[in-house]
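The following pair of complexes shares a single chain, subunit A, combined with subunit B in the former and subunit C in the latter.
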Partner chain A sequence: MSLAAEAFVSQIAAAEPWPENATLYQPLREDQILLSDCASSLAVQAYLRMCNLPVHVSCRSNAEYMSPSGKVPFVHVGNQVVSELGPIVQFTKAKGHSLSDGLDDVQRAEMKAYMELVNNMLLTAEISRPRYSSPYSWPLNQILAYQKQWEVRRKMNAIGWAGKSLEQVYEDVSQCCQALSQRLGTQPYFFNKQPTELDALVFGHLFTILTTRLTSDELGEKIKSYSNLLAFCRRIEQSYFEDSQAGSSSRGYSKGPSLF
Partner chain B sequence: MHQIVCTEGLTEMAYAKFAGAPLKVHKITNPWRSPTGTLPALKTTEESTRSLSKPSNIIIHLRKQKYNADYDLSAKEGADTLAFVSLLEEKLLPALIYTQWVDSKNYVDVTRRWYAENIPFPLNFLLPNRIHNQQLERLRLVRGDSTLEPGEQLEKELYQDALECMTLLSQRLGSHKFFFGDSPSSLDAYVFGHLAPLLKVKLPNGKLQQHLNSLDNLRHYCTNILILYFPSEGGEPPIHKVSVHSDSSDFDSEPHKRRKQILSVLFAMGSMLGYAILMGIVSIQHVRPQAALVGPRHIEEGGEEEEEEEE
Partner chain C sequence: MGTVHARVVVQHVNIEGLGRTKEDLLGYEISEVFDAKNLIDVMKKSHIARQKLLRLGIFKEVEVVIDTSDGADALPNGLDVTFEVTEMKRLTGSYNTMVGNNEGSMVLGVKLPNVFGRAEKLTFQFSYGTKETSYGLSFFKPQPGNFERNLTLNLYKVTGQFPWSSLKETDRGVSTELNFPLWRTNHTLKWEGVWRELGCLARSASFAVREESGHTLKSALSHTMSIDNRNSAIFPKKGALLRINQELAGYTGGDASFLKEDFELQVNRRLVWDSVLSASLWGGCLLPIGGRPSSIADRFYLGGPTSVRGFGMYSIGPQSEGDYLGGEAYWAGGLHLYTPLPFRPGRGGFGDLFRTHFFLNAGNLCNLNYGEGPRAHLQRLAECVRWSYGAGIVLRLGNIARLELNYCIPMGVQSGDRYNTQTFGGAGQTRLL
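For the complex of A and B:
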């Protein structure tokens, strides 16, 4: 979003409270969604739950095209549409809901830095594991799949990841997980008692890698070797996603498989 | 004369100084002469090591050689290092590259001019433009917008991220001497490598510099490192695009360049002369002394009145 548009949206956002019928759009879970998009979507869902903001999840095959920035997931709140975790966090902040207000300057700096680390390492590792098929019929599904892969490859080339072998990708993921594990230590959340957007982001990515069936389980195994990260994911799943498992579907979350 | 400073080269040099590794620094201006084809590059004496390029690779190599500036860091500090380096690369580096290579005024007035003056022919025509296009293309890909043009909008977005990053770094640094305690670590090398170019290079469009200057603790931090670890460069701007060797082999480019220049000029002259003789434009027979006198002179020098009139 451009800066002027952002400021405008913030102003309008501040005016109204969070409505009951907010919706989150993402691509179809089974055939279409990329690993990275799934992780981003889960991160947003986790964040909104942590803020206690109700949201209904809707899976659409053209979610990418509906989104204002072309990236998924996006939320439709009132008469505004906001995409990606960063802008959504700011949007909810404008409405008066924030998880990171209690942090001091140093902690906020660390939080932002760790979020970049996750984006840098895990997101790009997920991109390098293609999983894009399509709900459309032949030949559109082939064409779209190739197009998507080509786009992703060009982007990886641009950021210098094209030359990386699979081993190097796994090594990077391992380093990232080690850093996260060391930072988390024995605390329940990254900044002790209260979860923040960093917790939501880390949960989104780790959970997706752990529960998605890929051609090889190595990424998942790497994460499982850090027991505190595993416990962290379970804790968040239990605290924020368990309640709707017991019957009521008004909140229709789309997590899919669970860690248990 | 302005000198453009390369972030990666600075990062590696700073790390080497912090870790106490003995490195010999060679200033060369022609990237084709470097061991890996790009600058900066590290060449070692070991058979098993190829020449290395990226800062992270070079730092890893130095660590293996037991030159480790991060020895005293705790596990959490090591994790923080990784996180802040990611922050630097994602938020600050794109803006740095933009301000040097893509921003129209800066690129034309400062960057391209420096390259044109300092890189040997013919690279000085090709290289800056190629880098400019590459960086613009890269920005387009990463942002997912293939019609992106350098302009106010893009600049605002990139700079907003960069300014926020610098503010965050300043908050994290606080009033400490280095990021982790009293001795510098690899994170300090990275931060220094990214911020020092901003301090030293005067750019027409200097919004990033203004913001950095307003963050007192960061500015003192950079000047401190410069004074402590780069005392010889303290007065003048730091060097650009260095190639770093850890053996003591001599790598002087001057005689080779001169020799090649002379050879190429001789070859060109020889072929022109040969062509002229073959085509009969020039004849070297003494039968026609007038033509012989005029001909060779016509090729060797171009400024005499007789030739001009004869033309």
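For the complex of A and C:
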């Protein structure tokens, strides 16, 4: 967002408290959502739970067209519609909820760097194995599937990933996980005792790769070889998502399968 | 030769100047000339045949030459009638640029009349603009001998922006249409498959409109019946028009599923002093099938300089945060009194293009809960009626459109409707309350 738009949103956002009926929109779980979208949505849900802000999850087939930026997930809070983790973090900060207030500037810069790393490596690794089915009727489902395929291919070309073989993708993911594992060490969260948006983002991506039923599990195996990352994911799942595990309503939360 | 009423026999009817047109097509149009009994009859029937040839849309010029017959088998009272035709060029093109509403575009048009020799017509229009591009390809084929029975195939992409709903829509579609007359009525059967893409026009669009964004596919069969015996479409002085249209979507594929009915009725009557009283009534309802809610692109809209005057364009009825969402049922009625301009300036010339009119418009638009009975529906449509009255000046533009400048007083305004008192609007010949 531009600076002026950010300032404007902050001012409007600060005026009202977080409402009870805030809703997060994502594509349909069964046959539509892409791996990367699932990870982004989970990251946002984890972040909001860490901030203790209630949100309902609603699955819509046209979620990506409803979003103002074209990206999912997006949240509808009061009159505002905000999409993607970065702007949502800003938005909640304007309302007075923040997880990274306790960090100093060096740590904050470090956090941003790691978030970029995760976005570049893990997000694009997820994109390289997409799923192209569609809830629309024929011939619209074919047309939209081709469009999506073409878009993804163009994106991969733009970031130079088109030429990468599957082996190289796995290598990159492995390196990323190694960096994360080293930074995490034996701490419970990346910045010691308190979770931050980096924890939410890493959890979203790693958990999605570990529990997806779609891919061939090579990516999952790579992550499992780092035991502290696996423990990290379990810990966050237990702390923030377990309360809805028993007796979850269909609108409650949509994590899907569990690590247990 | 005796008088013009003496008996004659038409021996030959020729057509000269044909190039690519096939002769069997024209046989039907000119066959009646053979039945003429005397010279006056020959002239009348030749004139009618000339009109019929011109309406095929394949000739630039048709001239009639009537002469006594000569040759070995010539009768003393025999006549030969010759139609001298000039065919249209195989390909005509046009190029325009248009500027308006923050957008400039160039429009390219190509027309091929009489492609295969039997009055088939192929037209292509392509518009390339700074914001959007759109195109349309159309193929028209009449039945030889029965021009009013014809088939049209269309392929198109159009984009529209609807600021009253903060909505923009891109339609890509294909349609086939069959027209045929039946006794005194005209029928049209049409199948249309459209891929619709809806989006928000601005970031400030309401959430209700945002929820409708995305792609839908509509595959619909529709039938229209119309009877029109007005003497003109723009300033009719007498006659009536009745048009009933139904559309069924969802049974031939696609994800939009509904039954839509609407009708249009207009009656005109001439009164003293060259003034005309005109009454019109419209109505329609949309019934979603299969439990899915209706889409904003299928609903009805009401209000504006061509429907209920005095209200903003399509700004009546259900709305959310200033965006009008349309309704599933509506009715609208209008009563007009057209008179010539006071003191009749420019009579016989320019002044005849103008008329003053006094009008009364009313209408209502709402959503129906189809679980309730028809009585509840009628009650819902009868309460909170919007209406307006006023006067203004109307100008006729050729035979295609009319321009109005009115002063209106809107009444029965409900909360959420937008209204204004002066309205200025043009209208085509098809939909005008």
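The criterion applied here is as follows: the second predicted complex is superposed on the first by the 253 of 260 C-alpha atoms of A that agree within 3 Å, B and C clash if a C-alpha of one lies under 4 Å from a C-alpha of the other, contacts with A are read in each partner's own complex, and residues count from 1 in each chain.
FYI, contacts are C-beta pairs under 8 Å (C-beta built on N, C-alpha and C of every residue); 3 or more make two chains touch, one makes a residue touch a chain.
On a predicted model such as this, the values are computed, not experimentally measured, just so you know.
Annotation: superposed three-chain arrangement on subunit A; subunit B versus subunit C shows no clash, the two fitting side by side. Residue contacts after overlaying the shared chain place A:120 against subunit B, while subunit C stays out of touching range. In the superposed three-chain model, the partner touching more residues of subunit A is B, compared with the other of subunit B and subunit C.
When the two structures are aligned on the shared chain, A:143 is found in touch with subunit C, with no touch to subunit B.
Within the superposed three-chain model, A:19 lies out of touch with both subunit B and subunit C [touch as defined at top]. By the document's definition of touching, neither partner reaches A:96: not subunit B, not subunit C. For the superposed model, the angle subtended at the Cα centre of subunit A by subunit B and subunit C works out to 90 degrees in steps of 10.
In the superposed pair of complexes, A:182 makes contact with subunit B only, with no contact to subunit C. In the overlay built on the shared chain, the residue A:61 is in contact with subunit C alone; subunit B does not reach it. For the pair subunit B and subunit C, the least inter-chain C-alpha distance in the overlaid model is 9 Å. For subunit A in complex with subunit B, the touching residues are 2-3, 70-71, 105-106, 108-110, 112-114, 116-117, 119-121, 154-155, 157-159, 175-176, 178-180, 182-183, 185. Interface of subunit B with subunit A (complex): residues 75-76, 78-80, 82-84, 86-87, 89-91, 137-138, 141-142, 144, 153, 156-157, 160, 164, 168-169, 171-172, 174. Interface residues of subunit C, counted against subunit A in their complex, comprise 195, 198-200, 203, 207, 210-211, 213-215, 217, 253-255. The touching residues of subunit A, when paired with subunit C in their complex, are 60-62, 65-66, 68, 76, 81, 136-140, 143-144.
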